[in-house]
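Labels run A, B and C following the written order; every chain starts at residue 1.
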C-alpha cells in the first residue's frame, strides 16, 4: 500500500476488516515488520486522537516515530514556482517534502480544509504534494476532504457491534457553533457505500455533501423519518459543500440535536460520533452517556485502523 | 499500584526505599516489565525536570512514551454536565479522558493549582477525573495540592546523605516574587511525617500549610531557632493556604532567604531545593554552590522515584 | 569524542569520512552501542532538518531520544551570578544544565546568534555553558558561530559527487531579505580548509567572514570570476561579521542570485545549499531543479553526519 486517502485504497473491504481484527487480537505480533523503520507524523493542524492513536499503532509495530508539528505561522511553505521568496515564507514545499521523506520510511499528514478556496481544498493540494514529492508511502491523518482512518475505525466498530447481517446506518447532520470541514462525513459515506449496510444520510437542505462521496446513498431531509428502524446513528456536523455557501455556518437548528426522543424512533440504535463532540449541541448528555453510546470503543479502534494501514505500508516496503 | 498522589499510596515506606535503591543500582534490569507497555504523560502545565525524568524512567523500563502537551488555550475541556457546548470548549473531559486511556497502559498527569477556587484546587478536580474516568493507573506529575514524585525523590536523597539514624530535617519558607502552589511543601511534609526523621517546619505567620499535610509536625516561626542543629535544610516558597489570603503574595521578607550565616547555625546541614530556584531570593549563590548543596543529586533522584512508581504500576497490570 | 563544534574535533578527516560511509552502508549495524543510552536534543531555536535527522540518527543507533523545546519566552535562564532573581527568569543555567545532564548520556544543543552582542555570540556563551556544566558529551546542532553537522554532511556529499581528486569548491554569498547568522558559512569554510579541495569564497565587500574560519582561503569579490571552472557551487546568505555592520542587512544585490548564466561559467558544477532556501533570491527555480542540484542528497547526509558523531560519543562513554 503506497497511499491511503480513500476506501478504494483498501482494496477488498472484507479482507481489510479481517486483517484489522487479527491485528486487534495480536497487536504486538507484527513487531519484526517495523524494526528499523520510522514513521513521520506531520501535523499542519492540531490533533488529539489521531496524534495519540497513530503513535500507539506505530509503536505496536515496533516502529520508531517522529512527530512534527508544523506551526503554520512560523514555518510557512511557498507552493508556487517562479515566486521571488522575499516575504514571510522561508521554505518551498518542493524542498521541504523530499527532505522529510529522507528521514523516514512512511509519512502521515494532517492538513485540514482552509475554506479559502474550494478548489484548493477539494484537490487536496497539500496532501497530494506529499504523495507526489516525498518518495514515501503517505497516509492521510485527515486531509481537506477525507478522514479515512476515522471511517475505517467506524466500519470496524459497526462490524463489532452489529446484530444483523445488513444493519441500517444513518449519518445525521447536527448543529455546531463553528464551520467544520466535510472530511469526516465524506469518508464515512465513502466507506458505508462500499460496506454491507443500508446507508441513509439526513441533513437540512443546503447541506448536501459532495456527489463523489454520496454516490447512490439515500438522502432523507426529515431526520425523524431517517431514524426509523436505524441500528446505528452516526452524528456529525459539517459545513455546506454548495458553492454559494461553501464552508459557512448557515444553520444552527437545535431541533437536529440527537436526543432520547429521536433515539426512541430507532431500532435501539447504537450512538456513534468521531469526537471531539459538543454536548447538547450535537447530542444530549443522556444519549452520549447511555449504554448504547459506543463513542469510546469507536475511538479505541483508531489505533487498529491506523495499525492496519501501517502494517500494509511496511509490507509494501520490503 | 493503581494511584500515586500521596505517601500512603506507597505502603511500607522502607520497602519503597529499598526498591528505589535496587532500581538505582540496576536501572535497566526491569525492561521486560515495560515491553509493549505505553505511558502517556499529560501536561496541563509546563515542566522541565518532570518531563525529562519521567521519560527517562519509562525508557529505562523499556516502555513506549507518549508526551501530550495540553495547550490550555487551544484545547479547553468542559467539566460540567448539562452545558450546551456552544462556546470555546470543544471537548468534554468525560470523552477526552477515557479516550486518552484507550491508547496507553499508564497515565501521568500534571495539573497545577489555579488559585481561582480553593475548593476546586484542594479536591484535585482534574487529577481525580483522570483517576475516575481513564480506566488506567494514574500518577501525579504534580497536582494542585501534592507533588509526590518530588517528595519521594527528596526522601531517597535524605536517605542517601544522612549520617545519623534520625536526622533533623527543616522545611523553611523563603521569599519569591510570584504566588506559588503548596504542592511541593505539602508533599514534603506528607512524606517527612512518615519518615524516620525529626521534622520541623518554619515560616512566617499566615503561611501555615494545610493541616492534613502538616499533621503532628513541629511548627517554629523563628527561622534561626528552627535551623539549630539541622542536618537538612529544605527551602521552598509557597503562597498562603489560609482562606482569606489563599494563593496571594503577602510577604516577600528577604530576611528569610537562606544564606551562609543561617547555614552556620545548623549541624553542617545539607541544602535541598526542588528546583527551579530563584537565586538570592530563596538561597544565596554561595550556599547553593557550596559542597553541602545537594540540589543536583536530588533532581537526579527524580528519575528513580518515577521509575519506582512506574515499575509498581506495571507490576499491577500483569 | 566529548565535544563537537568544529572540524578539529573530528581529528583525521579522512578517517571520519571513511567511518561515515561505513555507517551509511550499514545504518543499523551499531545498535548495540546505543542500547540503554539516551540523547537529549535541546532546541533554543526552531529546526526542521536538524530536528528530524538527529532523531533519526539516534534511533538508527538504538538510542532513546528526548526532544526539549526551550521556549525562550516561557523559560528564560539567568546567566549571571549574584543577581537577585526577582524578575522574569525563573531558573539559573547553573542548575538547569547539570539537571538536563542527569537524565541523559549525550546532549545536542541548538542556540543561534542573537546579534545583540558580537562578543556573546562569538564566545558561544550558551553552548559553552552546556559543555562546561552538563557533565556529558555535547554536540552543536548549530551554535552562534558554527554548524558543524551541516558542514560535515556537506563534505560527505562533496566526497560522494566529486569526479576529480581535488575539486574546486566555491562558497558564494547570495541575497536574502533577513539578517542570517554566519554559522553555516563559518563551518563550511572551517571544513573546506581542511579538506582536499581548491576552496574559494566569493561575496560583496563588507561580507568578509571571521578570520579564524576563513584562514588561508582565497577570497574573490568578483562572483563570475570565482565561478570559473568550479566543480561545486555552495550558495548561502550571511550577514556581515564586521564590527560596524555586524548582523545587519546592508546588501540585497540581486545580481548575486545564482542563475543558469552563472552556472554555465562553471565546470558543470553541482549546486549545493544547506536549506531552507529562498528561491529566486538565493537561487533560481531552474538551477535548484536541475539535475546538477544535489540539495536533497545533501540534506539526507545530515542523518549520516549526526550518526557518525553520536557513534563516536557513544564509544567514548564505554
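We take it that contacts are C-beta pairs under 8 Å (C-beta built on N, C-alpha and C of every residue); 3 or more make two chains touch, one makes a residue touch a chain.
What you are looking at is a predicted structure, and each value in this text was computed from that prediction instead of being measured.
Rounded to a multiple of 5, the Cα-based rotation taking subunit A onto subunit C is 120 degrees. For the self-contact between subunit B and subunit C, the two sides draw on mostly distinct residue numbers; the shared fraction is below half. Centres computed as Cα averages put subunit B at a distance of 40 Å from subunit C. Multi-chain contact residues of subunit B (touching two or more other chains) are absent. The touching residues of subunit A, counted against subunit C in their complex, run 36, 38, 40, 64, 66, 68, 74-75, 78, 81-87, 90-92, 94-96, 98-100, 102-104.
Those residues of subunit B that touch subunit C in the complex are listed here as 27-28, 46, 48-49, 51-53, 55-56, 59-60, 177, 275-281, 285, 288-289, 295-296, 299-300, 303.
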